[in-house]
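Each structure below appears as structure tokens.
Next come two complexes built around chain A: one with chain B, the other with chain C.
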Partner chain A sequence: MLNFDEIFVTRNWFGKPVRRDADTRFVKGEGSYVDDLNMDCVYAGFVRSPHAHARLGKIDTSKAEALKGVLAVMTGPEVAALTKPVGARAITRPARQHVMATGKVRYVGEPVAVVVAEDRYTVEDALDLVEVEYEPLPVVVEVEEAMKAGAPLVFEEAETNVLLHDTLTHGDIDGAFRQADLVVKEQFRIQRFSSTPLENWAIIAKHEKGTDSFVVWANCQQPGRSIVNVCGCLGIPANKLRFIVPDSGGGFGIKLALWPYIVSQCVVARKVDKPVKWIQTRREHLLAGTHTPDCVVDLELALKRDGKVLGLKIRDRQNDGSFVHTAGIYNLIKFATMVGCYDIKATQAELMSIVSNKAPTVQNRGVGKPAMIFTLERLMHRAAVQLGLDPAEIRFRNFVQPEQMPHTTPSGEIYESGNYPETLRKALAQIGYDGVKKEQESLRKQGKYIGVGLSASIEPGTSNLGYYYTSRGTPEYMGNAEGAIVSMDYDGNVNVLLGSVDEGQGHATSVAQVVADMLAFTPERVTMNTHMDSLVSPFLGHSGCYANRFNDVDMGAVIMATKKVRDKVLKIGAHMLGVPEGEVRLKDGAVCSAAEAKKSAPFKDIATVAYKQILLLPKGVEPGLKEVAYYKNEIAKMPGKEDFNVQMTHSNSVHAAVVEVDVESGMVSFRKYVIAHDCGRHINPGIVDGMAIGSTVHGVGTVLLEEFIYDENGQILTTSFVDYMKPLAVGLPRFELTHLESPCPTSLLGTKAVGEGGAIGSLAAIANAVEDALAPFGVKVTSLPITPEKVMRAIRETKVI
Partner chain B sequence: MIPPKFEYLAPTSLAEATAFLAAHPEEAKVVAGGQSLVPVLKLRLARPGYLVDLGRISGLSYIREEAGTIAIGALTTYAEIKESALLREKCPLLPQTAAVIADVQVRNRGTIGGSLSHADPSADMPAPILALGAELKAVGPKGERRIAVENFFHGMFATALAPDEILTEIRVPVLTGQRSAYLKAARRATDFALVGVAVRMRVGKNETCDEIAIGVTGVADKAYRPAAVERALAGKRLEPKAIEQAAAAAVQGVEPLGNIHGSAEYRANLARLYVARAIAAAK
Partner chain C sequence: MHKIKVKINGTDYENEVEPRLLLVHYLRDKAHLTGTHVGCDTGNCGACTVFLNGKPVKSCNMLAVQADGADLMTVEGLARGGALHPVQEAFLDKFAVQCGYCTPGMMLSALALLKSNPKPSEAEIREAIEGNICMCTGYQQIVDAIAHAADLMGQSRSA
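Take a look at the complex of A and B:
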């Protein structure tokens, strides 16, 4: 591995809060999103099922087809006949599903027919004219019903609704529970929620008649896997699909799952022989986009009297809705970091992926870690109270210590770095922990109820993708890597291309900072085109923007490609200066003689030689200055149940929240909020702060507001932002950040995961604070979201939120 | 927005507008600021054949004092009400309410007339309008009539307005020597009211309640005045205990409704709580 000290020539930009000038175009309305692309498109829309579960009868498209301006109507069964089924990754039971409904519908909003017309108004009018016969079937909504004997089956061929059921045991779990002085257990229910990026899904699909090939523009988050999946479903070779991702307005995982719509759109594009555009509406996004699965988690902690945790058991029943492609993924990720920040020697995870008549689920910000850390940190709080320990103290007694790093968890996850006790100490100092406790006592006497909550969490990054297959044993993917092309143009400026995409994270700025310091010049001279085009971008089967991996493998690829360019620039420069190769160095955008600084060849001159005056190149050196490199994280293990690392970098944080509960109305408000955060070295501290705060706001929504509510018939009741409530700036606390930097020894820059942390760590901090505030009433928090109505009812009657 | 097809009409006089409404009572829908209608058009939940835009009819947006009352044109926006120096001085309950309606964008477009005509059971404006005992002026093809506010709201999205009538003016009293407050319970700052309570009262010597009027929104199918609370407090000293006891009758005689944001039971509890808090805040 390239040593950190060998990467940079200067340190003018790395680690500095460089302004995101590359992204001002987004706020000025000058971005280039899918809907901005104007290529004489026609428009698509989907007829969606009003039933949660029904046998699909006759679909009469004649009236819609007769409407002026309608170009084509294709039914789900027609599309299915022309495509291959969707592949499943984690589940072990057989379940067959196509990109559109065929045979039956399995959730409200499932696409039943696709309409293409000359304009969007005609599309919407035509959707009403498609007549579909449904024969309603019994519905399963919640996991308990879905698991009952004789429950209606979502996928008959699976013969059960539990499509993955596995138990993974590591260490002496029975011994741990035998030796325990105290077992603390609780059942938690975590709701369905999601991310709602500013830009919904958007696709243009174009069929090239002459070559019978496709060009797709989509705001897809993981082009690598989408290309594989789309080609697979269409039954075409990869060289028949050009895949382009232009600007994209936020992802958070939700844009990993739009590829089934790309498949159906390609099918209709071939039929109408025109580029077909589909812009998902917000209602469609909330109704039948993709959600985070809701789950029922039973957690048990075995403890000694001194607070030391001996063992941990989880029984995770996860409602994966009705998308076989992603079912089971959350279970496996929860299991990977189930011990959180703690040195727990024995674990057992019983994992169940359950299908139901709810909407599809997909990996969403933190994927399972929010639920895992929420339940674990809730129980740590509970255990402390039961043992008469301070909630901070019980954590200190169980943390993996800095001198234990790298630490391998019972299941094989490698925590490569971090100082967990120091992170907690910083959080306690910043929140004024002891002061808050005193204030709490005096306010209670005045009838005011405040509480303080802590949550220590792991924020992993860079998935080892074999985890999908640990229960199946046949990995199609494993490890994680990314590709980059770095080229110095003939004029001496630099261009960067990645196989991955940018969803608004500011990749162009971060890349320019690193490349500028590697080449001893300025970020203004580095341009990163954040668009992905499969014709030119160096991509792998899993390329994309997900799992907090940019700072690791994406940046690794950029560094390795830049280094190749740098080596070549030095070689040509030395030759031009007539100096031996070992006696030159980079300075101010030029190669100069180490002995005689004035003797220098600017990049522009070197590039001129490389591209134009190629007869002046040193012997054996190829013309041009364009280099491609792929970089993989080296610590990925081969998938296996006994010993496996699901993620490869591990940031950590402690969230500390002080809340006030209005015990008459049940309303919860913030008094103070601290995030102590360690994601190793920062490329751009401004971006890191933004991500830490943004992800925490996401968590605030999860704890207090957001929920996809289904009634007993499987009808979803929350399909607008009036009913699906996102947090607003008004009502949020001022987030106080404090950072540690424990460099990651296994990434080139010492950086590690950032972007999901707040969505993981905040849930328990806020919930613990609410439970602490309501301690005089004996109220326990076991479910999310914590709504004012639940709080009021708990205080008055039930004692349980 | 991809609404169903409709014809857009922009009359320049009330006569023109009401004549058109009279000719198409079933198919035509009036639009002012569009803050309630446009969202349902967007979702195709409303499918009017004609949209009659009042925006080009002049003389419907004003706030002026006329013979001891304040007249407010129906097209006056929430933002204008919030900022009005006249209202702040002489009828602060309306600016107090307008200040907490939705967000800046909605306040800049939404109109008082639109809100009252739409009669959303969770809208804020009906509460103070009831508490103020406002008088509403409606214009139809046969001329104008005045409707007392207690006769205006008929139920969820239903008012005393005939299909060919347009609400043109709201008259409220000058509240000299009175105190007022609007308190709203909502999950988020910009949400509809779970419960909204408007209070105006005259407080006499020794903190006695000489006169009180309360409007409650968000609880039942329409905004209402909790008469039992008002009666219980009239002439009483405004002590916390008395307020709390009186507020216990906040939902007497009404049927609280629930939805996913709050059950009927929760709203009833909030109504009792917020009636008490609003009285205390006004005091």
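Take a look at the complex of A and C:
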């Protein structure tokens, strides 16, 4: 592996808060999101099921088709007849599903028919004219009902609603529980929620008649896999699909699985022979796609009297709704993260992916880790209270110590770096832990209830993609990698293309900083088109913006391709200067003689030789200055139940929250909030801070505000931002950040995951603070969200939130 | 169909529109000013915020016909003569932009605040952008950017 000092020639830009001038278009209103692309499109819309579970009868499209401006109406069964079923990834039971409803509908909002018309408004008119007969079926909403004998089946062919059921045991779990002085257990319920990117899903599909091929523009987060899935469902070879991802208005995982809609849109685009645009409405987004699964988690900790945790058991029942493609994924990620920051030697995970008549689920920010760390850190708090230990102390006694790194967890996850005790010490110092405890006592006498909560969390990055086959056999994808093309152009400037996409993280700026320091010039001379185009972008099946992988494999690919360009530039430059190759260096955008600095060949002159005056090239050197590199993280193990690393880098954090609970209204407000964070080296601290705070606010929404509520008929009651509430600027604390830097030894830059951490660590910190505040009332927090209504009911009657 | 006349960012427009056409769709699809975004259906998110006769409005909550005769400004009208507006500079300086989707509406709400209150407190800033949802930043860098914009605008006034 290239070492850090070999990568950089200068250190002028790496690690500095370089302004995101590469994204100036966004402040000018000149971004190009899918809906901004103007190519004489017609518009699509979907007739959606009003029933949670029903047999699909006759669909009469004649009135809609007769409406002026309507170009086509296709039903779910018609689309199904022209496409192949959706592939499953993690589940082990057979379950057949198409991209639109056929035979029956399985959730409210499932697409039943697609309408194409000349403008958006006519589409809406036509949707009302499609008449669909439904024969309602019994509904399963919550996991307990879905698991009952004789429960209505969401997928009859599976003969059960539990589509994945596996138990993974590592270490001597029975011994751990036998030797325990204390077993602490709790059942937690975590709600359905979503990170709801501000831009909804958006797709344009165009059929090219001459070649019988498709061009798609979509705000898809994972083009590498989506291309495979779309081609698979359409039954076309990869060379019949050109896939383009322009600017995207946020992702957070929620745009990983919009590809089923690409499939249906390609089918109608072929029929109408015009580019078809579909812009999802917010209501559709909240109604039908896609959510974080809700879950019921039973967790048990086996402890010695001194607080040392001997073993940990989880029984995870996850409500994966009705999308076979992603069902089971969250279970397996929870399993991989279950020991958190602690040195626990024995674990057992009983995992169940349960289907229901709720909406599809997808990998939302943190994927299972928010729920896992929430339950673990809730129970650590509870254990401390029961043992009479300080919640900070019990964590110190169980942390993996810095000298143990690299540390392998019982199931094979390798924690390569980090200083967990120091992270907690920093958080305690910043929050003023001892002072808050004293203040708590005096305020209680005045009838004010404040509490402090801690949460130590692991923030993994770069998924080893075979993980979801752990229960199934041979993986379709393994490991993780990315591709990059780096080229120096005629002017001696550098252009970068990645196989991946940007969801708003400022990749172009981070890349420009690194490339500038590798080539001893300035970031302004590096441009990166963050749009992905399968015709030119160097993508792999792994390509996409997910799993905190940018700082690892994306950057790795950029570095390796830049290194190739640099080697060639040095070779040509040395030849032009008449100096031996080993005696030149890079300075100010030129190759210079090490002995005689005045003797230099600017990049522009080198490019002239490489592209135009090719007879002046050294012998054996190819013309041109464009290089491709693919970079993979080397520590990925082959998937297996015994010894497997699901993620390959591990950042960590401690969140510390001080809250006040108004016991008259049930409102929770923040007094102070500290994030002590270690994501290794920072490429751009301005970007890192924004990601850490932004993801923490996703956690605040999860803990206090957001919930997709279903009634007993499977009707979703929260389909607008009026009833599905998001955090606003008012009501949030000023987040105080404090950083550690434990460089990652397995990524080229020592960088690690950043982006998901806040959404993982914040949940327990806030919940622990609420429970601490309400200790005088004996109130326990076992569910999310913590709404004022639940707080008041707990204080007055139930004692349980 | 109704004929409407509006001025947008100093330019006159005249179009035939359906009475039910939302102002935001008029701006995006008829005037081809796509900097104004749509993030919800209910007037909550503020991505569609524009100025109508000098006051901020949510253009998804208005019909185009209601804007007949109005003087509108969209995000495209902020920069003048190639120079970014101080609010735009401040958003870049303070990393207040991530995905960029809320940014146009957020900047116009910020500008509306700074016009009436040139030196707002942090609490006033947070209150002023309560009608704009950002999913990426957690707002802190946006709040800092608006305070910074107040300083930049103050400097240019005193200069």
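Here is the rule we go by: the second predicted complex is superposed on the first by the 801 of 801 C-alpha atoms of A that agree within 3 Å, B and C clash if a C-alpha of one lies under 4 Å from a C-alpha of the other, contacts with A are read in each partner's own complex, and residues count from 1 in each chain.
The rule is short, and it goes like this: a residue touches a chain if its C-beta (ideal position, glycine included) is under 8 Å from a C-beta of that chain, and two chains touch if they have at least 3 such contacts.
Values in this document were obtained by computation on a predicted structure and should not be read as measured data.
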| item | value |
| --- | --- |
| Touching partner for A:Glu789 - first (chain B), second (chain C), both, neither | first |
| Contacts of A:Pro360 with chain B and chain C, given as first, second, both or neither | neither |
| Partner chain in contact with A:Met667 - chain B first, chain C second, else both or neither | first |
| Which of chain B and chain C A:Val730 touches, first, second, both or neither | both |
| Partner chain(s) touched by A:Ile687 [first = chain B, second = chain C, both, neither] | second |
| Partner chain(s) touched by A:Arg283 [first = chain B, second = chain C, both, neither] | both |
| Touched partner set for A:Ser720, first chain B, second chain C, both or neither | both |
| Contact breadth on chain A, by residue count: chain C or chain B | C |
| Chain B versus chain C as contact partner of A:Arg120, first or second or both or neither | both |
| Which of chain B and chain C A:Gly368 touches, first, second, both or neither | neither |
| On chain A, the residue positions that both chain B and chain C contact, one per complex | 120-121, 281, 283, 720, 722, 727-728, 730 |
| Chain B-facing residues of chain A, complex | 120-121, 123-125, 281, 283, 664-665, 667, 705, 709, 717-718, 720, 722-723, 725, 727-728, 730-731, 787-789, 792-793 |
| Residues of chain C that touch chain A when the two form their complex | 18, 20-21, 25, 28, 32-42, 44-45, 47, 74-76, 78-79, 84, 88, 91-95, 97-104, 107, 122, 125-127, 129-130, 132-143 |
| Residue numbers on chain B that touch chain A, as the complex places them | 2, 4-5, 39, 43-44, 185, 187-192, 260-263, 266, 269-270, 273-274 |
| Residue numbers on chain A that touch chain C, as the complex places them | 17, 19-21, 23-31, 33, 35-36, 38, 120-121, 195-200, 247-252, 279, 281-283, 503-506, 686-687, 689-690, 693-698, 720-722, 726-730, 732, 734-735, 758 |
